[in-house]
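Provided herewith is a single structure, encoded as structure tokens, for subsequent inquiry.
Per-chain residue numbering starts at 1, and chain names A, B and C are given in the order in which the chains are listed.
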Amino acid sequence: MRAARQRGARDREIRDIFSFCSDPATLDGIAWYLCYLTTGKHMAFYVSFGTVLLLLAITAPAAMAFGFGGAMAARSRIPPVSWLGKGYIAIVRGVPDIAFFLFFVIALDQAFEWTRHQVLCPDWDQPVRQGNDFVVCDAAKLPLGNAPQWVHELYGFGVAVLTFAIVFGAFAANVLYGAMRAVPRAQIETAEAYGLTRRQAFRRIVVPQMWVYALPGLSNLWMVLIKATPLLFLLGIEDIVFWARELGGAKTPRFTDYPHGDWRVWYFLALLVFYLVFTRVSEIVLDRVMARLSRGQATAAGEAQRKAA
Amino acid sequence: MSCWETIADYGLRSIGIGERLLPRSDFTLCQQFVLIGSGLIWNVYFGVLALSAGFFLATTVALGKASSNPVARTLSTWFIFVFRGSPLFIQFFFAYFAFLSLKSVSPVFDPFTTAWAGALVVLFLNTAAYSGEIFHGALQSIPRGDTEAADAYGFHGWAKFRKITWPTMLRLAWPAYTNEAIFLFHATTLVFFSGFPAWQQRGDALYYASYFADKTFNPFVPYPILAGYFILLTLGIIGLFGLVNRRLNRHLPSSVRPKVRFRPNLIR
Amino acid sequence: MKTLILGTTALALSAGMAFAQDTVRLGTEGAYPPYNYLDDSGEVAGFERVLGDELCERAELTCEWVTNDWDSIIPNLVSGNYDAIIAGMSITPEREEVVDFTQNYTPPSPSSFAAMSEDVDLETAVIAAQTGTIQAQHVSGMEGATLVEFPNPDEAVAAVTTGEADAIMADKDFLIPVVEDSSDMVFVGEDVPLGGGIGMAFRESDPELRAQFDAAIQSMKDDGTLNELIAEWLGEDSPKF
């Protein structure tokens, strides 16, 4: 579902961190900015950076899991499984991610509820589709109708993570599929000569060696994933772009204690800096990982390390 | 109204030819297919022009990043970093804002606040940065033997670049460059979605898809249609780039030719 | 508060047949002042916040406010992610085909044009509107005028101030504070009545809940509290019941 976030009383608690903020109209200069930058809305903005990082942290391994599954399926010797894996990779990657996000979340949510409906309410006599409405029995609702708001939020976040993981899993599958095939054939032949079964050879030879081939593609995918996060607001997550727009837009004195003109440029500048710094940090970390993985590998980089040592 | 009439009325609607008003009620599947397809004209326009212009800038930037001149190197490195390090979404925002401010400076900038010119510039710079990085990577991995052989044959300067370095670079970069092309076409859907306003309801495929989703309140028809079109477009690009790849590698025996696969090394 | 007692008695009838709904989730956009917007602390505020809270109290329901992007606000309602839309949504025949509206809680209020100068000729002007609104639809049908669509209302207003567009068309209630606070923006041309007033939208399969809110709105109309709210939030000149 589209996680619609509730704004409730708890936002009030973080209001007015500074005691002098009670009457902003009288403030000027630094005091005004101090109060302005600590409003509940701004706090939500700062928290949303954490949300984005958390989503990335969960999505990356989840997408890897989908990717691994997809690559294994595509490699399978059983034709239908292999078609499934290849079809997943080709279709999801052929479609722009925005187009996917625009309908997939609702579809996913409905699919879950429909499945639960079939299991939990077998004797339900009304159709699930009533005109435009999608109606399932109360017990099948996700989250349940009486669930507190945080459950709704968590569920929305979970569905967003799943959607991201499915989309980027297809890209990861593609990279891993390529990497599995890039492991030198001789390595596998040697394993077979030693009497390893196909499965053993895969587990003990292919998987440990494929990472060095997969890493350039995976690091790129990570960069892409970072840059796809501005689309999170399409999935109903109130992310940094949502808040930057909301806070930056011109505000008239009637609706806020802190009226200002169109400040979107400054907020987007903050986002730009965030993304550039995050990209740079990722680059440095990934370079280190690559250097570590290349150690002792039969690749050009591994060769260079041996010579340098 | 038959589907042929719909095609006549709306087939070129996205570029302002045909019926002035979009359908407003009783939406048919045919209308959705035709209008979303009509919007695809813009995606192709942005993709083709940005890609072909970006190709030349990308070559320049790749050479700049690999050059021994510190100014050229720093400029190219930063250009690539800024455009690869920030979301296209944010680039569109800043570009639109910058073009608006420039408009008051000189009327030369007038067209740039509209998508056909402004968004094209952004996509051009964006793809130049991504392809520049791909080409730079390829330049770095040109086998030493190739350039040494060229030196031995007395090639130098422009002739060496034109006959040896550049073709080898392209050959090495082509699979990754194919993926960049695909992603650029996908990225064109962001133009009207976040960056630039749509004039007189002339927009790209995503614009019309969301028009129908908005009017029919049913996202499950127009977006899958859009997805279908893009899968076809992607297949077209792979085919076309595959032909170029064959030509680039025509001197190699067919068994060792690298195939263009939709396998990204460098992606958006 | 005698008005409140009146309201609850009116609702006692319908409350009996209401099925067990634990909390009612009210979906709004949060970006359309004065109807709904986010205040400094990030909470939903505005005319509809006050109205919605009052309606829930009269209907003896526990309500929760959630925000959702305008573009997908109806698909998410029919998909069951919240139970009602209260987001400045005009009652139109197209929307009625998909959702059920309560009676309107504001009278049909006009849409109007605002521009930077009074001499703008709307017949030939470039007119900005938010994508997917009834105003965008209206402008697209105006012979001679050029429609420019922006993803959100703020950007449409900004387009007029920067000169990208000659005029903006939007709900008059939305434009009044904008024009008042801007030094050089003025209303131009004739107001256009669009839509059948604003109502709450419900799933078609949810008639009980709709009836509860409908009765609550009726009770607020009957005792005059709705008119007071309209005057307070939408201005003294705004049409009343």
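Here are some notes:
The criterion applied here is as follows: a contact is a pair of C-beta atoms (placed from the backbone, for glycine too) under 8 Å apart; a residue touches a chain by one contact, two chains touch by 3 or more.
Predicted, not measured: the structure shown is a model, and the values here were computed from it.
Note on connectivity: the fewest chain-to-chain touch steps from chain A to chain B number 1. In this view the innermost chain, defined by its CA centroid being closest to the centroid of all protein CA atoms, is A.
Each chain gets a centre from the mean of its Cα atoms; for chain A and chain B, those two points are 24 Å apart. Chain geometry summary: the mean Cα position of chain A and that of chain C are 33 Å apart.
Averaging C-alpha coordinates per chain places the centre of chain B 40 Å away from that of chain C. In chain A, the residues that touch at least two other chains are 102, 106, 132. For chain B, the set of residues touching two or more other chains reads 193, 210, 213, 217-219. Within chain C, the positions touching two or more other chains are listed as 72, 75, 78, 98-99.
Looking at the complex, you find that chain C touches chain B at residues 71-72, 74-75, 78, 94-95, 98-99, 128, 131-132, 137, 140-141, 146-151, 155, 159, 162-164.
Chain A meets chain B in the complex at residues 90-91, 93-100, 102-103, 106-107, 132, 171, 174-175, 177-178, 216-217, 220-221, 223-224, 227-231, 241, 264-265, 268, 271-272, 275-276, 279-280. Interface residues of chain B, counted against chain A in their complex, comprise 81-82, 84-90, 93-94, 97, 186-187, 189-190, 193, 206, 209-210, 213, 217-220, 223-224, 226-227, 230-231, 234-235, 261-268. The touching residues of chain B, when paired with chain C in their complex, are 21-22, 24-25, 100, 103, 113, 193-194, 197-201, 210-211, 213-215, 217-219. Taken together, the chain C residues at the contact with chain A in this complex read 21-23, 25, 27, 30-31, 33-34, 37-46, 64-69, 72, 75-76, 78-82, 98-99, 152, 154, 157-158, 177-178, 180-181, 203-205.
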